[in-house]
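What follows is a group of structures, each given as structure tokens.
Okay, so subunit A shows up in both of these, paired with subunit B first and subunit C after.
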Partner chain A sequence: MSSQYSAELCALLVEDNFGELFARIFSTLVRYDRLSLPRLKFYSHLSYPQLRHGIAAMIQQHLVYHYTSYDDGFTYYTPNLQAAYYLVRTGKILELIEDRLGKYAATVMSAILYLGHVQVGNLEDLPELQPAPTDIDGVEEEQETEGQTNGHNGQDIAHAARLHPTLKALAAHGYIIRVRESHFQSYADNVLDAERVIKARPDIKQLKGKKLDEAVIEATLTMLKERMDGDLTRGLVFNGVPRGVKRRPDARNGDDPTKKARSDYAAVDEEDEHDDEWSDDELDDEIPMESTLTVQVNYDKLDVALRNRRFLDLAERDSSSATIEVYDCLLRRIEYQTSKCRDGVEIPREGEEGEQYSAPIALSAVADDVDPNLDLAASIGPMDASQPGLRRGKRPLDDDDHMNGTTDHAAANTLASKGNRTYEVDQHLSLLAQPPHNLTSKRNIGGLPSWTIEFRHLARKLRHLELERMIEARYGDVALRLIRVLHAKGKLDEKRLQEISLLPFKDLRQVLANMQSGGFVDLQEVPRDAQRQPSRTIYLWFYDPDRVRSSMLEDTYKTMSRCLQRLRFERARLKEFLEKTERSDVKGNEERYLSEAELTLLEQWKAKEALLVGEISRLDEMVAVMRDY
Partner chain B sequence: MASNSVPELASKIYDICVSNYPSDHLFYQQDLLGLGIVPKNEIPLLLQCTQSLVDQKLFRLLQGKNDRLAWKVISREDAEKLQNLSPDESLVYNVIHSTGRTGIWVRAIQNRTNLHKSILDRCLKSLEGKNYIKSVHNVKHSSRKTYMLAGLAPSEDITGGAWFTDGMLDENFINSVAGFIEYTVSRKSWYEMPSADGGPRSKRIKTADGTASARQEPGPKEYIPFPAGYQGYPSVEMITAAVNESGITPVRLGEESITQLLEMLCYDNKLVALNNGEIYRSVHNPEAIKQKTAKKPTTDDTDDRLVTNGMTEAPCGQCPVFKLCAPGGAVSPESCEYFDPWLEKALGF
Partner chain C sequence: MSRFGAKKGRKLPGAEFSWDTDGNGEPDTAPTPLFPKFSVPRARPLSARERLQVDYYRGLRERYHDGPYYSILDSASTAAKKGSVARVNFDSFHGMPTYSGRYQRKKRTIPRMGGRSYIMKFFPRELWQTIQPTFKPDAAMDGYAGQFARATAKRGFEDDEEEDEEDETKRKRTGGEEEEDNEKDILDGEEEGEEEEIVDDDFEDDEDEMGGDYNAEQYFDGGDDEYGDDGFGDGGGGGGDEETY
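So, the complex of A and B:
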């Protein structure tokens, strides 16, 4: 991924987050790639002490890989562009964690992110993770939980008891992993290292030729897996659900909170349960995480979670909220069993990628996860439109069954209503399986109905959607139709294209020419004779999503760095004023020290900064779709 | 026997052929002998008869399968027409007739008849004057002059299908039919909630249905999707019938034309084809479509668009000199003239 603009962007991100020294070292490394310390000093014009400090800290942040060669004993440094890029995704990750596991978990996560990697023991000492009685989030939670009858008794629990369950929950979800030694070396170095070790093994030495190669490759992969594996989920996942996630409480307050409120709610519920229920479960839960364990953030897993969010967004566009809820439950289940977005390093070429199904989730498991008070029946129409009366008469009865079944736990009703419920969940999932998006797909595994997701198909869909948006914004809906036709039919000449798209020649040619100059479509010449006369040549239009994607990705990187550069420029424009607001006496007391005009200016600046940063994060979403999913 | 003279036998053959067979039946020698009119199946006699019929333009001589001779009947009115033509004209007429609904290019007539250009022109002119043939506009080769018999409707290859008027794509017509189809399909692909009459039931529906169904202040109609596997979505035949009944089209549209349009609507993401294009479902519900069409007069219909993404929002996404932009260059993020207006617009100051 080391293209001009991604390198520029990563250097900017490093500078924005860590300052000039880091940026200087980083951009030198990006430019020259692999350098030993003396060479690095030579190219970066920095002194040894500066470099040593910088590099040590950058290794801590995983911004630089280092590798000590066996041959000459030199240590070489390589930039880690991936880690540098992920700096931009921090906000999104924290938001996700907060949504899933609550505010405290997000605080823990941000501490880990801030430190790069950290020992559990050190986390215990961090002041920001000590929940003081006046802790802001503690107060908020108190207020939020007031409505609940069982109350919130977690406040007085010692902070260690709170940190460890949270860490365990993070680990169980796979959001954090153990740091291994090999994580500090670049992938290529790890591969070479493993190969060297394997080739030295006596049993491998006996092999020859093709067999040798195969054996080495295979053994290397296993060894790499072993060495890179930082999985912490072992023993923390039960029945496919990680520790820390509990089924929703059966008896929920009857009123219908809005969606936002509900998710806060769920998060708090989960928090609650950490505190209350750890003790009832197994003794295992009492054991805190080893304090010598070093953890870091697992970006691969977080990408999976973020990608699932995108799928949910896609579904949200034309499905009812009940369907979305059901889909959300399915996606959660799948997320727990998916460790990364795809197997290969690069996104495979269009049409060459095989389908990769998610782990199948049994229908009953999804049905169990769905909020029992959610009205599933009301958002799907009857099978037969001509007999609405029948359905209308029947449904309230059905629902009454549900109500009784779930609220009163009447033994007679539960069984029947559960079967009914499962059927309804299945109906919602079938609805999602329909074209155009095919968001789910059904499988029968051992006679049990299960649901999976076709990851590659959906990731591709997201990619295409992203490109189509660009095309629509730039060239209008006529262009969009043409692109879809070309994409579906392959290469077409103008006549055929017109027949399918039903567009007048004039518009057609204009739009195609515009798109060609923008690099979205291209023309292929097929001469009918050896002379290649234009009049005896067939011209075929085509659209190559791969090509467009990679050029779009570059443009996105470039746009992101332009936004960052503009932000810096805007900051420089207001430098003196901003320095004033940063002064220790002014900060926090803005109202006292700043004039009216200055306050508005500050407000405006904050809005501006938020807008630009927000824009960068929107662009990051595109990068994620085009590169990571 | 008295009736053995050639003209009489010929007229007998002709009468039987006309009355007993469809007009485009192909008669081989065997078929004509099988009629049992020619005594003793004398082939020379039969050939005399057919030759006389051909001379009277009552039969048309054709080459059937395996280079066998074959004949076709010409109706008496047409025969009269043909009898009045000069030999050249009749030659041209036959060539044009042979191409049927596809028509024939003038130069191809010339090649096939070997007539001189001036003679050919004269023949065509006189035939056109008699209203036997007509010139048609060819979509594929707009410069080629094409002729076909006056009584025939040009085939779709020539006209380009129902969507072309005089060789030009009729955009307005297409759009109006497309809009109609979308709305029609949409009405059948969403289940309209029976408007609730107060009480606890209606309340529950609203909370559960929430965001997805378009809800607006006047006429709070709720639409919910049908379950998967629902077979009540309209088929191509139903849509075609609906379009033809609606009276928005001056000509009757065939199923192929409608299918063509339906495919286009699929590419526009307005419809979704199910069961391999047998039945169609609409993406938006009727209310949303109505709103969209109502909004159309106002130029800015952002609702119609896909949700925007980071690139389309940022000024760089629309920047004409984006490729030239570099820090410190003539076009640079610092000197960019698009950022400020964008920031101002977004923040409102």
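So, the complex of A and C:
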């Protein structure tokens, strides 16, 4: 994990967010990896108070792991690169939360991120989570008023009614987890610790040899699971749907199909449109969350949600909006049951990874989730048997038995009977199951039709698409074609490659040489005799996605850190001016204190910064595809 | 390449890029164009969603910056000890305290730990005193003492270097304690000032405290916010803004 550029990037991110002191401590720890306080002082040239306060604050922000050794009693500190890296993803995470659970939930989440980990009781006291006098947190309230006109009267009640349900919704989605003590130790330390405990157990001591190893490994894993487990979803999920799920599409998101919220109970109470969005969870929302519970953000789960969103984007390219909607419902259902993106720590090598299916979701459940007002039939086209038309050939094999008795579908669309709707949802999902992407796959479990997602397959697909996109951008479409041929056929000599790709030798060689110098393809020599004469040697071109992926990942880290450095430089150039805008009297009333020219400059600076930060977040998306999904 | 006996014009891959081709002919010495045409790739503009993400990122970063943990390294000021690095690096052109400096964001060199509660068991024992100055290292707390009882036990085979190091650190620690005390005083002052800002606007008792030791260097960043609020109509506005973050 800790390659040169990822380490650099993490240190820069820490500096961007928390300032130089944290960055100094962090980069020292990254360089030397595991240090006790005196050693850390020696290497970082900081004073003890600086270090103590810095480290303590960094532990609070989960940027540093610590471990107190049983042997010598020293406490060692290790950097937590994952947490540092995820600083770059906070924007995405908060936006996702807002999209899923509303503005207030995003505010709560932002408070949790800001505090590192926090007890629920302390969250109650935070001023920005109180819908208190409007002038204090006017920024947040103003944007919020849209759907909640009654937010300002009855504030206390509204507040009490909102924080805990929101927290519960976050917990039920798995976006926040309980903090355990073992979360503050690095994974390796946890493993060693668990092993030590287990080896001391009398029943293990009796075992020997291979049996001992096996037993220790097994027991260690269970113990780790027990210790690291911070799952809060228990008891908060009903029928596979977490509580607090937004019930109806927001008015402002209405025209954007990807942003449309779920609407399971929309038919039940249509009239209280402006009510608080949690109002139907009256069952046991009066029970607040325990105030001693400590929560933190669960990045693993958020990755799952972000990955699903990515799948949705992929589907969006060549499907209708209704299909996307259906797919969104399926993905949501799956998200609730998926706790992390994959089991292993590292992405397995190409061709060596097994398939990992998502939890199967019954067709009827998806059909229930789909907005009843959604016009499903219109985008599928007439299903008349007499019009086999353009989609006939693309149907999966099991489609034939569905083909009879569906002639009336084109006419009746929204208010069709439930059976018909289920069938239509099924049709949409089968559309998605088509190649090239195979976004879904069908299973029959106990006679019930259900749908799953082949996670590994899709993650690989995303990776390949990303690499192909980059190759096309760099070397043109000829290169893309060659890469695809090489990827499909394996290693090829130049002649075969030329035959398959139907390109003139000249183009071919030029492009191949270019790509070789860029590290995307490589040449293998296979000598035909012992002398290894070039004339009697076969040269095979090949494309190794794993290798390319890891080098691209490094490049991406490097680009991100360069972007951050650029940002820092640009800020240094405007330092005096920016300090002026940040003055406590200027901030907030820029119009009053700044001149015309300064206002334009500020605007320009903000646009520039947004562009750079946005670029970093795009690059982060690539990193996510290549590393996390 | 043909010297290795390749047959009948069948070129080996990469033959046209070999070194040989340059050897015979005149090398191309024509100057390359000074500013060759180069199409600069431009990032596409941010979409609405990306803009929102960026805003969230900036918002959170801003909060971190305004929060108690944001701290910088060089706090060059005339208030620093004589002969210290901070004093030497002082920028005498821009660093002088100015009147408008009172509105400037205060720069911290040490994260402020006060002002919020911490869950002690999540932190290593050696930091407990940092987090909670009232903590007594000797007293057992929450039953966690037993776990670390062997903390200082030596195994007896550490090399001398390590012991030296320890001694050194001990020495330094005692030296550092004074430093820490100094720091703490400053910190405390700051803490109270900050806390005061957040909690209430009753600054009477603070005034008494601050009135005693007049420090010209800290004239603007000590407890002057209170005075400012009195004197100016707009000063209150500035203070109010800080509270929102």
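We adopt the following convention: the second predicted complex is superposed on the first by the 531 of 629 C-alpha atoms of A that agree within 3 Å, B and C clash if a C-alpha of one lies under 4 Å from a C-alpha of the other, contacts with A are read in each partner's own complex, and residues count from 1 in each chain.
Quick note on the criterion: a contact is a pair of C-beta atoms (placed from the backbone, for glycine too) under 8 Å apart; a residue touches a chain by one contact, two chains touch by 3 or more.
Being a predicted model, the structure only gives us computed values, none of them experimental.
Touching A:Asp477 in the superposition: subunit B (first), subunit C (second), both, neither?
first
Classify the contacts of A:Lys587 with the two partner chains as first (subunit B alone), second (subunit C alone), both, or neither.
second
Looking at A:Thr294 after the superposition, I want to know if it touches subunit B, subunit C, both of them or none. Which is it: first, second, both, neither?
A:Thr294 contacts subunit C only, not subunit B.
Regarding the shared-chain residue A:Asp369, is it in contact with subunit B (first), subunit C (second), both, or neither?
Neither subunit B nor subunit C is touched by A:Asp369.
Once the shared chain is lined up, is A:Asp193 touching subunit B (first), subunit C (second), both, or neither of them?
Touch partners of A:Asp193: none, neither subunit B nor subunit C.
Have a look at where A:Gln119 lands relative to subunit B and subunit C in the superposition and call it first, second, both or neither.
second
Looking at the overlay, does A:Leu611 come into contact with subunit B only (first), subunit C only (second), both, or neither?
Both subunit B and subunit C are touched by A:Leu611.
Between subunit B (first) and subunit C (second), which, if any, makes contact with A:Glu335: first, second, both or neither?
In the superposition, A:Glu335 contacts neither subunit B nor subunit C.
From the superposed pair, tell me which subunit A residues show up as contacts to subunit B and also as contacts to subunit C.
Residues common to the subunit A contacts of subunit C and of subunit B are 611, 615, 618, listed in rising order.
Contact residues on subunit B for subunit A in the complex?
Touch list, subunit B to subunit A: 140, 160-161, 163, 168-169, 171, 174, 188, 190-191, 194, 201, 204-205, 207-213, 224-230, 232, 260-261, 263-264, 267-269, 272-274, 283-284, 304-314, 316-318, 322, 325, 327, 333-334, 336, 339, 343, 346-347, 349.
Enumerate the contact residues on subunit C facing subunit A in the complex.
Residues 1, 4-7, 12-14, 16-17, 43, 46, 49-61, 63-65, 67-74, 94, 100, 103-105, 108-113, 116-119, 121-127, 130-131, 148, 150-155, 158, 165-166, 168-169, 172-173, 176, 179-180, 183-184, 234-235, 237-239, 241-244 of subunit C touch subunit A in their complex.
Quick one: which bits of subunit A touch subunit C in the complex? Just the residue numbers, please.
Subunit A reaches subunit C through residues 16-22, 24, 37-38, 41, 47-50, 52-57, 59-61, 66, 68, 70-73, 75, 88, 90-92, 94-95, 98, 106, 110, 113-115, 117, 119, 122, 127-128, 136-139, 179, 181, 184, 294, 494, 509, 512-513, 523, 533-535, 539, 576, 579, 582-589, 609-611, 613-615, 617-618.
Write out the stretch or stretches of subunit A touching subunit B in their complex.
256, 259, 316-324, 374-375, 378-385, 388, 392, 396, 399, 427, 430-431, 433-436, 465-466, 468-470, 472-474, 477, 480-481, 484-485, 488, 495, 498-505, 552, 555-556, 558-559, 562-563, 565-566, 569, 604, 607-608, 611-612, 615, 618-622
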